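Heads up, the thing below is written out as structure tokens.
As written, the chain order gives the labels A, B, C and D, with residue 1 at the start of each chain.
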């Protein structure tokens, strides 16, 4: 699969007319050397840099975020530009990193934490569930924690065990967290800026396998805010509801489906919490058929919530049950087998075929 | 609410005809002093004792499980009978406890871990997600981990923050774990014995607020195995699908519903993973209307999975969407407000009323 | 100026053979194994009598606070109370060792330290009363919420202290922990972060011998808990935790060293939990009355009164004044806690996020409708 | 007999004032700050020449193993390889210090230790090849799976050692960790459990100066990492990690003390990671070549060959034999890894549980159908 072309197609599919800005106007101009075509990794890097330039309260911390620029280079050059006080290589301890960020936020800073891989955020889950998600609430709004936790997530990059977990369900089922996940280069920039600007804690899930996909991109162009889903492709038969790492495969499936006579819409959720019931239900009601696609395991996955709430709200508009195409209910397999686990075009189209077209 | 009478009612509602045993016959007879009416806490205590008597590989470890007998007294008397080698007061560190249990299980023991409260299991989530859930799989079946993790969970006991989390979604969305939660005294005994006897890791969720409810109980009587749901009350109008702490309120709601002309069935899932699709779908198909009830927050909760899969499988039998009655999407409130958060009879009946009875 | 310049990734000093001298000299980090003690020793004479009287007064008031709170649990006015009875010297000295700009990071057992810092008991006790999680404004009183998940407040203290240092403010953070809490991973990670960042933070471990039922011997095999400091490259100090002036002076020294850029300190205070873990606990299951009796002899207030009278800085009037103030506080607590707490169920939705999500708005509407229906029924 | 009787909840010794002597004498726990070294010192003469030759031979083979595995990544036959080049003395000595009944708990970097324990490279490297998570039978070879989540294997080692001790078996567990791993909470919790339980476990920290890009100075401010031991009440030892006989003797002493009931030991071995973190890493971003060059001079094989020749226990024949054995291993690896791995997608469902759940059976059927359809298409 060609990441670049998929991302470009995705970007093209976005509807500019409905876009509006939530990203604060940067106090300093965006990186002047910004090329017009960049990878998602570069867009994330620019978002961090621009956020740090715009607001001295923004601090980055994590493992290897300094000289190395992070194992995915998302923090490349930040220590060089802002110094180690602003972009800090921490000791190797995720609970310590997030707990320290909590204290920094209590003081008034706006920390951006990098977790190196999905599964390596698990040591920090107590801090996340018991403090980050709850602090504003437990202090009656007096101690908000404007922390962004960046987590590269999901598989498809040939990673060994513990490097490919699609762990979003742990976050989406925790009240008090916003959960955001971009699928395009423009969203990577815009949503990360918006997440950092948010006064609430945001779990920012970065689809690893889209890091290197490139697209034309203007950092000054506004994107839809956090909390809005965007239709990446219109269609008249059914809608594929997806997010993050699975957007490209859904767009590809929609392309292939044409040959089978289906005109599939593709909806990119962009934000899992808060959920955009309005947009999702509008699309589902108009089409009557929907498939939710994500690579995380199905049982108890975020797709269950999506299917359940869409059904609750659109029951009489549905011609068929909302189906789910997800990873299997297994620990992430070794890299040589991962393509069998991840939803592919065929598996998605098999589900579309089961949408009871006969009636 | 009278816990004892509810539990008694629940026990009475079980259908003995379909019961069959999975509990290994104890090598030594059950505690001879076992009274005929016991609390769930006592039944759990008996289950541990009988399991330890039956199998020297069974070891209990956790915080305060020794002389104190656990803060809920579930391990009362075990150190006295089996010595500190078999029932171990550990240092105060949950990752250490579970990680040590992993090592013990690798050696061939059958550890039963007590987490003191739901939220205090969070420090152990990395061990749970990355090792306990995956070890059998990552070693091609060579290192199974027969660990039972007992977690008192949920609210309704006036606990202060971090003492009332209904945290089941974290476990049900993790492949590799069985998730079991009893709602009756008999199941507390039978399912705990079965969990300890299981060669797979089991998250055994104990509904705190049912600990003190009493019911007549015979430890020798077999119960349905892990993985089977049980109809606690038959009905002809709709079914309430529930588990653990919410069974009593569902039975109460069914009682009250009679006055409003609804004859509600109540299905106790008992096991969240593996899920009993067969029983659940059979009941839902026969009634056409279902409400899922749990006290955990709704968004991303286990109820989403239940609603989604039931809908996928029973779509054309449904007269109305499967509705959910759950805790709100908020951090658990302070004890003086908790009754507003927990699903009560009225909230359940409001949902039943929305099951589109007109058509 | 870059605060963290010294951490720049240049060469790796000291790791080539022939250059393996330790990065820090361990000797000064090691605690003296006999705890610092001043009561009953000539050292006490060097203390400011005003400070000694202040400590005494606060101890007496603190004890009464503990007693009154315990009584309130029996009357059902508090849901639960983890008393610091017997540990008042640590509680009071911790509060007094901090300046107004400093931050306190208390655990669930440390409401007396919070009250000693000036927070009203009604606000300090909402968590344990059950009407609200945190009753005070942490920023206003520079006191973090009472922390229940053990040791999780320790990295918060580090982060806050680090941020203040980056901001150029002379703020010190003091984290209160128990002996049991030292076993948690968060304790370790916090101390290591503090040491590496040279954050202005002080960790006070109130070693009261038990974590609920688990005695220290089953918690740690360390020579003393203060010995843990050396593994992080920071100083460890051991102090008699029932000796208020000693705790105060050890903490003050640590706080001032931190403020001056000298980095963190780990202080272990040896004390004893006279009451059960909380009113819900049954301490007879795991300890002997004789042990408690022995510690009652080493009571922080008893010791203090005896020593101050001997030193001639305390007389009957001051003793009476302290007792009166204590009674006044107790009376106020009775009055305030016997009134029912004001509760607003709708507040459950107000502070989940800065703005309620559409979903929360729906749920709030649902609850509002339910409450209206209930009120309707109640009205009829 | 009850193994843990000494932990019985009787009195709390030592915590009443006047009896504050430490529970353990800290002095013998503290590491000597100059690391144990025998190469180039007269101490070497006391070693069994057969052991020295065996260590040498394994070092040479180990280096070749590292080189070959690194080459395989370049040829795309391994997905990723974290080389232990430069750390072979630790890897080889760790494997040799253990008896057959003992257990090794390796991290991702320790495949050489696993291979040195007798596991076939093809089986030891499945994780990094990408065809299976764990390629060997952990029980058969008494070697835990390679552990990636840092320090999480440490409590496993404690649990296994503890269980074996309860079972009356003279088994010792050896956990391998990196300098970065010592910062994790699991490291702390494991050492504390080990000390409290007096479990027969040894922790070997291979301090190679870096955690990926983060140098030790940004990881810890401790005098040495071995100083962490005293905080748990166990002995800490510092050793030159490039001196194979020294590592072997320090580990053997610790293993035998553990086996004899003397409890756990923390060993810090000073070494250096000559290669980048993995083949995917770019080490030029965070360290100078001059630093690497300096450490190349202190190469474990160079040091060993020089010292053994000086001592007269190594000659050209033995050197040639070792080189031949190394080449034979490399040739076998090339042959084995150039064949494609056999893969069975259906195996993804086989070992999730003892019995597949109904849901997994459904999903397996789905995949089987997909595979059949694909085969059908391929067939046509």
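Details
Just so it is clear, contacts are C-beta pairs under 8 Å (C-beta built on N, C-alpha and C of every residue); 3 or more make two chains touch, one makes a residue touch a chain.
Since we're looking at a predicted model, the values are computed, not measured.
Using CA-based centroids throughout, the chain positioned farthest away from chain A is C. Across B-C and B-D, the chain pair carrying more C-beta contacts is B-D. Averaging Cα coordinates per chain places chain A and chain D 36 Å apart.
Distance between chain B and chain D, defined via averaged C-alpha coordinates, is recorded as 40 Å.
Inter-chain spacing, taken between the CA centroids of chain A and chain B, is 33 Å. Residue positions 7, 9, 132-133, 149, 183-186, 188-189, 192, 196, 213, 218-220, 286, 347, 352, 357, 359 of chain C each touch two or more of the other chains. Listed for chain A are residues 66-67, 89-91, 93, 95-96, 119, 122-123, 126, 130, 134, 137-138, 161-162, 175-176, 273, 275, 299, 328-331, each touching two or more other chains.
Contacts from chain A toward chain C in the complex involve residues 59, 66-67, 83-85, 88-91, 93, 95-96, 98-109, 111, 123, 126-127, 130-131, 134-144, 175-176, 178, 198-200, 227, 273-275, 277-278. Put simply, chain D touches chain B in their complex at residues 2-5, 7-9, 132-134, 137-140, 144-145, 149, 152, 154-164, 166-167, 173, 185-186, 188-190, 192-193, 196, 347, 350-354, 357-359.
Every residue of chain A that touches chain D in the complex is listed here, in rising order: 63-64, 66-69, 71, 89-93, 95-96, 119-120, 122-123, 158, 160-163, 299, 328-331, 333-337, 340-341, 346-347, 350. For chain D in complex with chain C, the touching residues are 7, 9, 11-13, 15-17, 20-26, 29-30, 33-35, 37, 183-189, 192, 195-196, 198, 207, 209-210, 213, 215-224, 227-234, 238, 240, 242, 270, 272, 286-288, 291, 294-295, 298. Residues 95, 119, 122-123, 125-126, 129-130, 133-134, 137-138, 161-162, 165, 169-170, 172-176, 273, 275, 297, 299-305, 307-309, 311-312, 315, 318, 320-324, 328-331 of chain A are the ones touching chain B in the complex.
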